[in-house]
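The structures come next, written out as structure tokens.
Each of the two complexes below includes subunit A, the first together with subunit B, the second together with subunit C.
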Partner chain A sequence: MNLSDSKKKLALAGVVCGIVAACLAALGNPANMAFCIACFIRDTAGAMGLHQAEVVQYARPEIIGLVLGAFIISVATKEYRSTAGSSPMIRFVLGVIIMIGALVFLGCPLRMVLRMSAGDLNAWVAFVGFILGVGTGVFALKNGFSLGRAHITNKSSGAVLPAVVVGILILATCTTLFKASQAGPGSMHAPIIASLVGGLVFGAFAQKSRMCFAGSIRDIILMKNFDLISVIAGLFVVMLVFNIATGRFVVGFNTPGVIAHSEHLWNILGMYTVGFAAVLAGGCPLRQLILAGQGSSDSAVTVVGMFVGSAICHNFGLAASGTALNPETKEVVAGAVPVNGKVACIICIVICFIIAFTNKREEAK
Partner chain B sequence: MKEVDARGLSCPEPLMLTAEALKGAAGPVKILVTEPHQMMNVEKFAKDKGKKPTSVQKDGYYEVVIE
Partner chain C sequence: MRKKVMKLVVTFHTTSDAMAMEKICKERSVPGRLIPVPRAISAGCGLSWCADLTDREQILDVMKDVGIEQEDVHECLV
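Right after this comes the complex of A and B.
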């Protein structure tokens, strides 16, 4: 089965993933967070006690399903390759940076598209930053940026992350070791089996279609290639229809309950950071999970970086807050990015520039 | 034959190196890549440029000859 040889098939893969996201939203996942990689990694890190933000702690089976779905389909279709050795610690740092940028904006590129499909204008503003970030990454690529070669390793190395997520699933379902939010976004979730199956299906289709949010914009800027954007377009259309049909489509900036803020500059800079770092890392947060599932230890290190990054965000007060309704006064309280988050975001952008222009292809040979 | 060793490189580097090699090449070009999707991307790129790609699976990598 090859989903990547025509735009129609790619769009179809996006439609399937969109249906999965819509079903999970209908079954209880938070409003237009349906399937957010950054949020769900953050929730899982919280469940494991890596951070103490009580409202965002839940071992999300979607993350487990994504990695396992990609692992199973890649083994079944002989695309599994255990590789490692392409500047792993730089990739770890990029994982941390991606998460900091995502939590300043409040969502990964996948959630940005889901928010855009729900009429959230903040996400459209952030999309500008994302394009600029990807564009900066492309500029670096054109100037010879490279993290060097990965090499084939023992087959078991690539299977470590898939095995770890199975361990997380067992601990989450059979023990009381993990934390689970009693209120807030972490308490809102679809039934475990639905989330897991949704993750498996999403992971398998994302692996076969090479779905990547950073890659789709990158390919347009770099090579005028519109293949990968067809997957995103398919997903966007399904979610748009779902949101309109279920009354979730609300055009506006300060929408309570959406878990978003309207600090435009920081929405732009947050997603600029994510776009830039994702191009340097070779893919968006979703793509990193998929690549890790199909055997890349380098991407697995990026995923570990995202886990650590989410803990850093909540332990050091970097994550933004969403616009919310005060239950007592019924007043809208605007969400905001804390000063620590703004400083961290700027530092992340500086580090991205240093990484982008100090790692050259010639040196990697 | 001009050879580009793009094995182990992250996307989109294999494709960028392929595009660079095709620009200055008079005869056939041989591209080496690790991942199956990179092989497909190189094949598709070559076809889009009106060239004929032939792929062979080697030990742990793919060899795409573009003519």
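Right after this comes the complex of A and C.
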């Protein structure tokens, strides 16, 4: 079935992905974190001991499923193309930056949309920053920004990340080498098989529909093209219905239990950073995983950057905290972005500008 | 729904090549517009130049003139 020949079919792909996210939320994934690329990479990095934040350590099968789902469907439909060579270290840095921005906001663009569908007004505030970030990236594109072209490489190069995630899956299920949180978000998860199947389905549909949160906004700004946003709209509507039907739709800012904070400036700047860096890297965190699955070593390097970025966030105290209820006093403790996180976020924005305006397309000789 | 028609679609190695194409075509009044690469052509998410089939020579000439290298030239329903 061709999913991409009409906006309705693209929206249908978004609906399927929304149903997957809703099922995983119902089966035990944390509230409003039903499916978050940044959080799940961070949890997986924690499980591997790359950081020591005990409440966010769990090898999320969703991440494994996403990469494998995209890999399997692209091989099956002859769309697997092993490519590499487009400024890999800059892409690594962009991966780190995307993760720092995401953990200042507390979520990737996918989770931002999920939070928006649950009435979290902080996510709507952050959405403004995300649009501005993508807009800045588009401005850079219009001014000739380029990381250079990728080239076809040996087929095995593009299969490395899919092979690595299979290794992670084996270690996570057959050994006790990985850490697993006993409390906090890392301890809340759907059964492994459900998470893995959910990831596979989500990955396959995301590959077929080219679902991308940064790309959808980019296409609207650049070409007034609404194809990609229709995928996101399908996802949003399903999650909105799910949240309303299950009583999870709560409009507000300081809502304990949804893992969010209400420092508006930093919600905006966090997602500004993600949007800006995602356009420069050629896709949002989800899209990077999908592209890596269909053979792009450049995107795989960005994914590795996101893993390292999550470790940096928790090892150096950059990640924000969510608003929570003090279990003893029953008082609401407001979530906040630590000073280190604010400084890092500003540095990331500066680095994005340097990357955006120093990497230019080579003019013809 | 708008009926799809057969069009010329030029794909590029990088997004910036597509942006450069748009700029030069505007300057020289070459017909066409920037569109996302049609899904039938690629699983990538880059940009492409879309024009009428009859504009093929004019488009390829201007690309050769300014040194923009195409990845491929397709004819597909857009």
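Convention: the second predicted complex is superposed on the first by the 361 of 365 C-alpha atoms of A that agree within 3 Å, B and C clash if a C-alpha of one lies under 4 Å from a C-alpha of the other, contacts with A are read in each partner's own complex, and residues count from 1 in each chain.
Basically, a contact is a pair of C-beta atoms (placed from the backbone, for glycine too) under 8 Å apart; a residue touches a chain by one contact, two chains touch by 3 or more.
This structure is a prediction, so every number in the text was calculated from the model and none was measured.
J.: For A:R115, decide between first (touching subunit B), second (touching subunit C), both and neither.
T.: Once the two structures are laid over each other on A, A:R115 reaches no partner at all.
J.: One more residue to check, A:I152. First (subunit B), second (subunit C), both or neither?
T.: In the superposed model, A:I152 contacts subunit B only, not subunit C.
J.: Which one hits more subunit A residues, subunit B or subunit C?
T.: Here the partner covering more residues of subunit A is C.
J.: Using the touch definition from the top, say if A:S6 reaches subunit B (first), subunit C (second), both or neither.
T.: After superposing on A, A:S6 lies in contact with subunit C but is clear of subunit B.
J.: Go through the superposed model and pick first if A:E79 touches only subunit B, second if only subunit C, both, or neither.
T.: both
J.: What is the contact status of A:K342 with respect to subunit B (first) and subunit C (second): first, second, both, or neither?
T.: Neither partner.
J.: Name the contact category of A:L228: first (subunit B only), second (subunit C only), both, or neither.
T.: In the superposition, A:L228 contacts subunit C only.
J.: Quick check on the superposed pair: does A:L141 touch subunit B, subunit C, both, or neither? Answer first, second, both or neither.
T.: Both subunit B and subunit C are touched by A:L141.
J.: Would you tell me the residues on subunit A in contact with subunit B in one complex that are also in contact with subunit C in the other?
T.: Common to the two interfaces on subunit A: residues 2, 4-5, 79, 81, 86, 141, 146-150, 210, 215, 219, 222-223, 282-283, 361.
J.: Could you please specify the touching residues of subunit B with respect to subunit A in the complex?
T.: Of all residues in subunit B, those touching subunit A are 7-13, 15-16, 19, 34-37, 40, 44, 60.
J.: List the residues on subunit A that touch subunit B in their complex, please.
T.: Interface residues on subunit A, with respect to subunit B: 2, 4-5, 78-79, 81, 83, 85-86, 141, 146-152, 210, 215, 218-219, 222-223, 281-283, 361.
J.: Across the complex, what residues on subunit C touch subunit A?
T.: 1, 13-17, 19-20, 33-36, 39-40, 43-45, 47, 66-68
J.: Once bound in the complex, which stretches of subunit A touch subunit C?
T.: Those in contact with subunit C are residues 2-6, 74, 79, 81, 86, 141-142, 144-150, 207, 210, 212, 215, 219, 222-223, 225, 227-228, 282-283, 287, 291, 294, 360-361, 363-365.
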